[in-house]
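Okay, so subunit A shows up in both of these, paired with subunit B first and subunit C after.
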Partner chain A sequence: MTTAPKTQVRSLDDPLLMVDTPATIYDAVPPYPPQTEREAEFYALRGGEMLINLGPQHPSTHGVLRVVLKIDGERVVDLDPVLGYLHRGVEKICENSDWHMVVSHCDPLEYIASMFSELVPVMAAEKLLDVKVPRRADYIRVLACELNRISSHALFIGWLALDLGGLTPILYGFIERDEIVEMLAALTGQKLLFNYMRIGGVNGDLNHEFLSRLGDWMSHAAARIEDSQTLINENEIFVKRTRGLGVIDRETALRMCLSGPPLRATGIPYDVRRAHPYSVYPELEFEIPTREEGDSYARYLLHLDEIKQSIHIIDQVLHKMPDGPIAAKLPRLLRPRPGRAFAAIESPRGQYAVYAMSDGSDQPFRLRIHDPSYFNLQTVGLLTPGHLVADTMAIMASLDPIMGGVDK
Partner chain B sequence: MAQRHDTTEIRITAGAVTDVMRTLHDDPDFRFRLLADICGVDTGTTMQVVYHVWSDATPDWLRVIVVDLPRNDPRLPSITFLWKGAEWGEREAYDMFGIIFEGNRDLRRIYMPPDYVSFPLRKDFLLPDDASRSPGMGIRHMEQAASPVGAPVRKARTD
Partner chain C sequence: MSALSRPWNRLTLAGKIVLPLLALFAVLTLALLVGVALGPIPYVVDLAYDTVAANLGIVRFVGAVTAILLLTIPTAFIIIYLEMKVIALMNLRLGPNRVGPWGTLQSAFHGFKVLGKEDFTPTGADVPVFTLAPAVVYLASVMAFLVLPFAPGLVGADMNIGLLYFFAVGSLGVVGLMMAGWSSFNKYSLLGGLRAAAQIVSYEIPLTLSIVGVVLLTGTLSLNGIVLEQSGSFLDWFIFRQPLGFLIFFIAAAAEGSRTPFDLTEADSEIVAGFATEYSGMRFGFFFFAEYVNVFLLSALTVVLFLGGWNAPFDLGGILAQIGLSVDPSLAPGQLGIGLLLGIAIVPPVVILALALPIWAFRSDVAFWKALVIGFLLFNVLAMGALMLWATASFEQVEGLIWFFAKTYVFVVVFVWMRGTLPRVRVDQLMGFAWKWLLPAALVNIFITAAAIVVVKQIQG
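Up next is the complex of A and B:
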């Protein structure tokens, strides 16, 4: 196990020199005997089968994911995702930071929609502290989160088309994302990792630039979404390559612990915003869109429906926004009561949860981060066998994993 | 309005996991069909595995805590026969805590490299930063999993 066979690669300093390198990254076959039943089964090849390596630096893997594909001709027989290239040990780091620092450590997990990954630990801490969040802060949180959801979904649609070979939709996705990111930058000062949520409230109040940008965007957002639908909704190539691809039925979806759009695309209306209402969602009107087909195309359409619902929510939030303080008064050093708390929200990818344990000190005793991408990504091993190699990307993109969250 | 939905909690031992989880999953009165989370916990003295399950029959999450797993050999049955998706959750708990789930077909490292030897989220796995919190310990190697005699291990005061 420890004696990894070496392979030779050309030296970067001297092109004529061959140097030893550990074979682990470049070889699909691991340099150690199989450790589990499943691993032994996967790496035993029958006639005609071969292993190829996808990633870790492949653009269609949405981050640093390595997948070992076992193929027979052009068909995928089986696959084995290899994680850990982005693993930073955030849970361990959080155990060694105080409660306020946890927010910024959790921020880069779901980096496409980081409002969500910073909101959950904050909510868990508030549960442990029994803090009442001011209503205005709750409304601002919902506003920021729904904006971020739209920007994330817009990018998803672009990515999905990109992985199928359509280069244009991602540009349209980025138009939407760019405007929202500029807006949130005006609100938070950051474009990607906002670090905006605070235990007991938010970091800053709504300002003039944010509101004027938001007003501009709202005036044409719905029309623009309708417009971008016409690009791919009935595009024959797109529909043919996604309809009937990666079909999940309800029972399987529950058994595989799916959540978010992949779960709702099978017809189960599980949305944490309605199942376990948090923040001010009980006061807002919106629907939980579902689809019955459970294939990649259904997941794509579901994202479009969710964007429309989010615009509807933002509209209501702007009309109902109350006045008042934006943060509860809390001491600089937080010492929550000893106990356990589980908080979950609906992120663009599904149920994002944090299970926090406090022992009464200023640091979390245990902070478990449940990322939906991690559990959704696992389904790819079930959906891909039997499909073409090129469809692996379409299935993976339609599950929308973010490797920052998968690898923690 | 904060969520207050996770106050129902049951505590079981490792031997009861299969029966309890199967009843919760299959019984028509419970219908806990969705596994919201699975994680390991090291309390400093024992290991725990915590499941959160969701049912459409109740607005609550149910928290099932498997308590009193010995730290030197934590073992419990896998629940992959009910939730196939728990496989990676169990792999993560194995990778981070060394908890053995009997019946999981693919229980190997998932984040750490396959030749890694220790379990990073255990309380006696100290980061170099932690040395500053324990005077007299000095800096120790990160992968030194077993704590030396007399080393301070942070223990839960909750249970």
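Up next is the complex of A and C:
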């Protein structure tokens, strides 16, 4: 906007003060002089360009992501993601808390699939403590994680369609999510932040309600997920809007440190469950689905394939589930050996890792969290310029970032 | 009554307008009472009657406009309810089910809610334009109603340029959308307004060209004339003579009314709410109303142009006469004899029971006697309506109204169905579709129709 309105407005700094309105106070320009060359270049507008502020409150920035778009008409020239609106300093909080409390602090990081964000610090602590987790506990962990992966992927499919303007698929996605969440609530007592993993095992054994719900769901899950996807899978508009959009090639994917579905959609079969096996995954049969195209549509199809594989894994876990204790015997106050440990798992969004340092006390000395959403989200800056405003949403949704993990 | 306790300079603009009007009404009422008491009123009434009789055209026009303005409100309410409920059922939700039976009053309460909300103007907005924009959008939709033939003889104004008027007035809405987008001082609004302008102006062209075939066939631009041309059986409807034209028209109409998959003007996942982002309260309500009135309008125009308007798909009167049930609109109750007594004795209880039973059966919390009371009230409303229609309208008009609304609401439901099913297209795909596919197809349609007319004339003459 080049013309400044003549009226006076209330100052943003002091509500009692009336100031002339320079039009720029409504613009997405930061209130300080540019600090880097990139910033100076980005906020300098050429003729016909304007900045538009996408978020932190916007219907389709998942959570509180803020993206400043520089647009020329409908075409995105450049963009600048502004992170940190959900920053809570989880890594620092963990340094000041007991090893057991780390679980509940890491829980809300990936709040759509929080089984994974609580499993990783637990695994790192187990490595430091040299604990052997009972086999039944390992199987229960895999079962809970795979269920959570399906619920997360089902929601992803709905969200992608919602950001493309389809109202219905998200509610079909929520059918699966609802049933799985009820199931996990029967197992863990909570629906969103489960707080189920414990150092050396899990919090509670499988119970009757969980198993009966799981049995009901398993009997129709595969058919129903297949069925509900017919609404968007062969939809001409959906395919036209996602195919060939946001294409990532293999070199870029590796250079940008992608993992999870965005990486596998480029044809690289990297999955932590196979590459660096943990828990009981070596004993289970499953495939790593990949796609060659690397576009939004490939990412969408990949999520469908992964749901099928997860159902297959759950099937095997239920058949192989051994008897035995569900947690190792550990003292109440944990003092791991001084040292470092790295634990990584495959979360629905990619490689989720924790690098923990212990100084021998009952608190972690350092706890560094590697969240895949953060790395996947970085590619938005590469993919979006040159596309239209509407495509920005399709690309962001197909990368599936969870802001709780990005901002930590 | 807070306006009465305020000094004049603290009143809002609306108050300053309404308060003198209230005083004027009070004075007029007083004058009326005094006039009736003292005698000059009959003279004034005669004078008024003569004036009305002398200017019947104008009076009829004003009456039609008022009726249409009033018609738009329930129409919008019904379509909003329909959309909420149908999409909810598609989404495996319940939808509105609290206010009124099956939630039918939900949309009316949405209307009241919108009325009660703060009417907010953002800083930096261009206030006169910002205020005027919703009125322009709404009036553009409402004015287009004027030429719609609802039933034989039931049309606001039977213009011989009806179709031209419809498109001319209907496309005024774009001006309002542009005004809203520009004056809001918001970039999402600006994008929405520009998208609206580009989209609606582009789709205006295939929309208008697709009906040239119909105009060639009928030789008239009057909507009433077009409907009359299609009378007979359903095989005379233009959808069978202009299938391509119908298809183009329907797609372009969906874009013209900004319905999914062409709802880019208010794409909530991209540009928040488009041109309506900064609007609140009843100003937003007018945009909302205009959208749904547009849906009805475009469905109605589809029906009028391609599906025979108020024509029945088969000759209902003829079929009834065949089986011995001739319906005579000029029926005199005295001729019925004993049948009249039987009718009075039997019909009301049966109808009351028929109305009460579903309410009692489907609502477990309603006792049977309460259901009977509701049934009685509903019967009264229906009977009054039927009597009034019998007194003022002919059988053809009632039948025509029923067919017209039934066909129109089929298309309304199709629009809602599309919204529940399809994602949104992108701006460039939208434009490409209009200029690369719809426009050539519409031109081909005109060419084929014109050639066919010439060939048929050659053969016949």
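Note that in this section the second predicted complex is superposed on the first by the 381 of 408 C-alpha atoms of A that agree within 3 Å, B and C clash if a C-alpha of one lies under 4 Å from a C-alpha of the other, contacts with A are read in each partner's own complex, and residues count from 1 in each chain.
Keep this in mind: a residue touches a chain if its C-beta (ideal position, glycine included) is under 8 Å from a C-beta of that chain, and two chains touch if they have at least 3 such contacts.
Note that the structure is predicted; figures quoted are calculated from it, not measured.
Touch criterion not met for A:A44: it reaches neither subunit B nor subunit C. Of the two partner chains placed by superposition, A:M218 touches none, neither subunit B nor subunit C. More residues of subunit A lie in touch with B than with the remaining chain of the pair subunit B and subunit C. Of the two partner chains, neither subunit B nor subunit C is touched by A:V29. By the touch criterion defined above, A:L171 reaches subunit C but does not reach subunit B.
By the touch criterion defined above, A:M393 reaches subunit C but does not reach subunit B. Contacts of A:M18 after superposition on the shared chain: neither subunit B nor subunit C is touched. Contacts of A:L192 after superposition: neither subunit B nor subunit C is touched. Looking at subunit A, you'll find residues 1 touch subunit B in one structure and subunit C in the other.
Those residues of subunit B that touch subunit A in the shared complex are 1-6, 9, 33-37, 39, 41-42, 50, 52, 54, 59, 61, 63, 82-89, 92, 96, 105-115, 120-121, 125, 127, 129-130, 154-158.
The touching residues of subunit A, counted against subunit C in their complex, run 1, 5, 7, 9, 21, 23, 26, 50, 52-53, 58-60, 74, 161-168, 171-172, 175, 231-232, 235, 237-238, 240-241, 388-391, 393.
Those residues of subunit A lying in contact with subunit B across their complex are 1-2, 4, 24, 30, 32, 35-39, 83-84, 87, 89, 91-92, 95-96, 123, 126-127, 132-133, 138, 254-259, 270, 275-280, 282, 338-344, 351, 353, 355, 357-360, 365-366, 368, 370, 374-375, 378-379, 382, 407-408.
On the side of subunit C, the complex with subunit A involves touching residues 87, 90-93, 123-124, 185, 187-188, 191, 195, 260-261, 263-264, 267-272, 419-429.
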